[in-house]
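Note that subunit A is present in both complexes that follow, paired respectively with subunit B and with subunit C.
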Partner chain A sequence: MQSESRSTGLPMSPTGAVLLGTVITIGAIFSLRPGSVLALMLEVGLFAALTLKRRAAAAAGYAMMVVLPLFAFMAAVWVIVVGRPPTIGAEIAHMPRTAALVYVAVICARLFIVIFIVRVTLLQFSEMTPLQFVGRLALPLLIKKLLVLTLSLIETLAHAVDRSRTALITSGLMTSRFSLRNFLHVWILIQTAWLTVISIAIARIRDKWPIENTMARLDDVLGRFAVRFTSIDAAAALIAVVGVAVAWSLG
Partner chain B sequence: MFTTPRVVLIALCAALNFALGSIVFLIKLPIYLDSIGTILCALLIAPRAWVAFSCAALAGLISSCIAGLLINPFLPWFALTDVAIALVSAFITARGIAIFRARPIRVGALVVRVISYGVLTGVVAAVVSAPVVAYLFGGVTGSGSALVVAYFLKTGQQLMNATLLSGLTAEPIDKSLQVLLAVLLYRATPGEFIDLVHAK
Partner chain C sequence: MLEPVLITGPNFSGRSHALRTLLVENGRHGFFVGPYAEAALSGLSSAVADEIEIYRSLKPLAQRPLFIGVATADAVVRRPATLSGGEQALLALHCFALSDYDAIGVDTALEQLDRLNRERALNFLNACGDANLRAVVIDNRVSQRDGWTICRSVPHDVGFELDFPGLIAMLRPQSAPVLDVLGLCFRYRSGHEIFRHVDLCLAPGRAYRLTGPNGSGKTTFFKILAGVLTPTGGRLLRNGAPYRPSREGNRVFALSMQNPDHQWCGATLAEDMARRKAQLNPVASARFPSLPVLASLAHKLGWTSLDQPLYEFPLAARKRLSWLWPLAGVMPWVFLDEPSVGQDQATRHELARAITHMAKIGHGVMVVTHDDEFAAEIPHVELRIQDRTIIQQVVPVG
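Take a look at the complex of A and B:
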């Protein structure tokens, strides 16, 4: 991995991208007025267009896909059922349902920004493996090790669930389609999958890993990744802070 | 404190949180089931309460971070709830390990403890997560509990109160179920693995 993010316009490091994402997320969450949320959306959109180019549309599409159903649900609850926002100013007291719709729109726009920036951060490093991405984060070694092991064990657990499910379907306890029998026996599936991964974990801890010296080698690999915080990272973080401040002032 | 078996246990429990939480999130069940790993981690390390708390909290936080990046971007905002669940599990729920692992099973005592610890965990989780739900989501998270929030708002409650009351209605049931599943997995876990985790 010669370049930190070959496919993107800005050569940021994972640590820098995560920091920038955190600044934007905090900025979005504490934006209370429609003006500041809109300004922040424009800023984040511009940043995504610069870094991801055409793939920014995919990130926006994903965020839309998550937020739109939530918007519909929230609008139904606040506009139709409740019929007013939680607090209402005197200037819009005569149209509480419109105020409720604006309230829902602001909340959903904030959530959109949060999802969008997380997606943009991930897409910037889509060519990296999880090990490479985690290795380059400025985190304590224990946390990096836990993240890598968890990602690996999620795969192991998924395989265990697949195998157990196949065995339970073969034995007639579950079906391959949605059914009441599946609901009644889901507990057996969870227990079987858990026992499978526990057996694998015991074998790894007691026999496999000590022979292969796996944990020491993992420490070594994670320690060898260059954790850099480049001048571009610092500049991007600074611009993000200024951008958030400008957005807040526009509210 | 963080021996290799404990590190593996934390990762396993985080993976369990992630896997069950993702299934529930993707098929939109009206429950969460994303803290079973956190509770189980505390039970497996008990009775050493502080070690159990540290490991369980780490399992909850790691699974929230990964699920936040891959499945549900809002989960990391409930990090404090994970820590609170780890705290209750390590210092209170773990007091029942003798009954949870008793063979033959003592059904009555187990049910009483599961319900009481589950309700307590649920109340704590509701109180800690209410400000996040009220502020970040405006009280409506897209789950069925939003209708309870709407009902309380309609009856004239403030948003924060409505969110808290909705949480207090739904969380004890969800957390009792989670404590029950964690206890059943704890009973099923081989003693060999528990010995590895307890070894210094």
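Take a look at the complex of A and C:
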């Protein structure tokens, strides 16, 4: 087996990590009660500590940064403005605002778990390039090629937006800082970025790819990294399934 | 041994088509390096290391010449799209050297390289011939080279005729401001430091040539002056008053980008110009040419109508059109990033005359070019990027 995540305490392959992340994500989506969400958070925290060690805190901090604004907004709406959750049980009917706070906390905690586990999975393999990561997934070649093309499209879109933004700033239509001008011309940015994506794609499809048969190279390069699904991956996935089941039973 | 082939001839004479044909004739497996990223790199990678991996062959390559285009560990983790034009061409050559392709075609991409890298690249292509690898090159700066086969492309009438004398006659005097750069510092978020305490005084009425190795920060410097990037230290003055382009917007520079497709803000020239005009302050707006004048300027650059969709025309024609905004004389300073790339010798000579004239009539002019022959035709002050600072040096006309 080729080199796996070097920083991790668990020698998992990307396939194992993605599978584990998927199980946890499904677990978070279907955890509706505070007890099961809390148990799932503890499990993910434990997994992050085992795999990332000190970097687990950074992953948690990242997820927190994403979730906190949503928590503040939802708390303002449900706890302060509405004053009660959408549905309320008879046992806490006398504390509607507390119930609203719990409702908001559960939603945000589930989102936190999803972001946290995605971040943990990515950080585990941060020393790999995107191509190496996709290549090591135990998936059919066609799916892996589609993943590479999707990443390529994302990269092209990001580049096109950056390029168009530069064009619009230099032509005076936008500024690099926040301004009303930017707001008024955001539709031109979208139009320009879209034209740029098309022109980049045409140049590749017309000039580069047909001469080199570039796409065919992916077969070879993705095959180079192929890694089998290991017993450790299977064990980790199984533990995750059991963990989710336990968490649900606690709810 | 296979002699490298150099395809010569003017623009629009079918050179690129000839290159593609030679590249794949006799069932050869060809590798293509076009001008600019979209035709030089695979577009399938999100990191330089991945780009190399895509092309790296697992077969033994003992007879193959070596070319190091990416030398540092920092470089391999960068996104290919963030490399400069020259660095992208070097990366493409690096990939070819490690691949199992038996032919390489380079379409004007070497024109973006600094002197040292360019010589290295041309020597590499020589060595490819020695290793029985076919090399086919289009390069407007080389008309012949020892041991290379010359293949002349026959000019034919396809339009895009230039009228530089007429264009120069239409240029209007300008009174550009003095720009002072005081203690300028800049580093990217990645921590990569580009400039440290740069002090410069840029006066109008003369041309400046910004030089430096590939990836040294030439385009970054311009992006700071035009407000795309915010300096991490120092300040800019415009006629002695503070100038903050990243807040106020670009009010000084008309630019022509290295890749012309990096500068359009519309799908047609008419749309592009209308959008630019709508943003101008009253002073600049008053200088904006009328539509007939604009159409006449475009015609002199080879375009018959302002309503022609930009992306439907050859790259060399779009490159010529990218000079229109600077030549329109609306903005007091003009910045031309590698204006001669992809242009034949006659066009480069005429463009040098136009740039010289612009400086004479009071514009501030800044040019980035690795084309020494082209630069020698323009009396200029050299601004050399060296050790994260910029050194001024007056260069006599060659």
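In the analysis below, the second predicted complex is superposed on the first by the 229 of 251 C-alpha atoms of A that agree within 3 Å, B and C clash if a C-alpha of one lies under 4 Å from a C-alpha of the other, contacts with A are read in each partner's own complex, and residues count from 1 in each chain.
By our rule, a residue touches a chain if its C-beta (ideal position, glycine included) is under 8 Å from a C-beta of that chain, and two chains touch if they have at least 3 such contacts.
The model shown is predicted, which means the values in this text are computed figures rather than measured ones.
Enquirer: Quick check on the subunit A-based superposition: subunit B and subunit C, clash or fit?
Expert: Overlaying the two structures gives subunit B and subunit C room side by side.
Enquirer: How many degrees, to the nearest 10, separate the directions from subunit A's C-alpha centre towards those of subunit B and subunit C?
Expert: Rounded to the nearest ten degrees, it is 70.
Enquirer: So in the superposed three-chain picture, is A:196 touching just subunit B, just subunit C, both, or none of them (first/second/both/neither)?
Expert: A:196: touches subunit C, not subunit B.
Enquirer: Scan A:176 for contacts with subunit B and subunit C and give back first, second, both or neither.
Expert: Only subunit C is touched by A:176; subunit B is not.
Enquirer: Examine A:122 and indicate which partner it touches, taking first as subunit B and second as subunit C; both and neither are also allowed.
Expert: In the superposition, A:122 touches subunit B alone.
Enquirer: After lining up the shared chain so the two structures overlap, which partner does A:78 touch, if you call subunit B first and subunit C second: first, second, both or neither?
Expert: first
Enquirer: Answer with first, second, both or neither: which of subunit B and subunit C does A:249 touch in the superposed model?
Expert: Once the two structures are laid over each other on A, A:249 reaches no partner at all.
Enquirer: A:103 contacts which: subunit B (first), subunit C (second), both, neither?
Expert: first
Enquirer: Check whether A:224 is in contact with subunit B, with subunit C, with both or with neither, and answer first, second, both or neither.
Expert: Only subunit C; A:224 stays clear of subunit B.
Enquirer: After overlaying the two complexes, what is the shortest C-alpha distance between subunit B and subunit C, in Å?
Expert: The answer is 6 Å, the least C-alpha separation in the overlay.
Enquirer: If I apply the document's touch criterion, which positions on subunit A are contacted by subunit B in one structure and by subunit C in the other?
Expert: On subunit A, the overlap between the subunit B and subunit C contacts is residues 149, 151-152, 156, 158, 191, 195, 198-199, 202, 204, 215.
Enquirer: Spell out the residues on subunit B that touch subunit A in their complex, using ranges where they run on.
Expert: That would be residues 2, 4-5, 7-12, 14-16, 18-20, 58, 62-63, 65-66, 68-69, 73-74, 135-140, 142, 146-147, 149-150, 153-154, 158-159, 181, 184-185, 188-190, 192-193, 196 of subunit B.
Enquirer: In their shared complex, at which residues does subunit C touch subunit A?
Expert: Per the touch definition, subunit C meets subunit A at residues 20, 23-24, 29-32, 34, 36, 38-47, 49-50, 53-56, 58, 77, 79, 81, 101, 105, 223, 226-230, 246-251, 253, 255, 257, 261-267, 272, 275-276, 279-280, 311, 325.
Enquirer: Would you mind writing out the residues of subunit A in touch with subunit B in their complex?
Expert: 29, 66, 69-70, 73-74, 77-78, 81-82, 86, 103-104, 107, 110-111, 114-115, 118, 122, 142-143, 145-147, 149-154, 156-158, 161, 187, 190-191, 194-195, 197-199, 201-202, 204-206, 209, 215
Enquirer: Over in the complex, which subunit A residues touch subunit C? Could you list them?
Expert: Touch list, subunit A to subunit C: 129-132, 148-149, 151-152, 155-156, 158-159, 162-163, 165-177, 179, 181, 188, 191-192, 195-196, 198-200, 202-204, 207-208, 211-215, 217-218, 220-221, 224.
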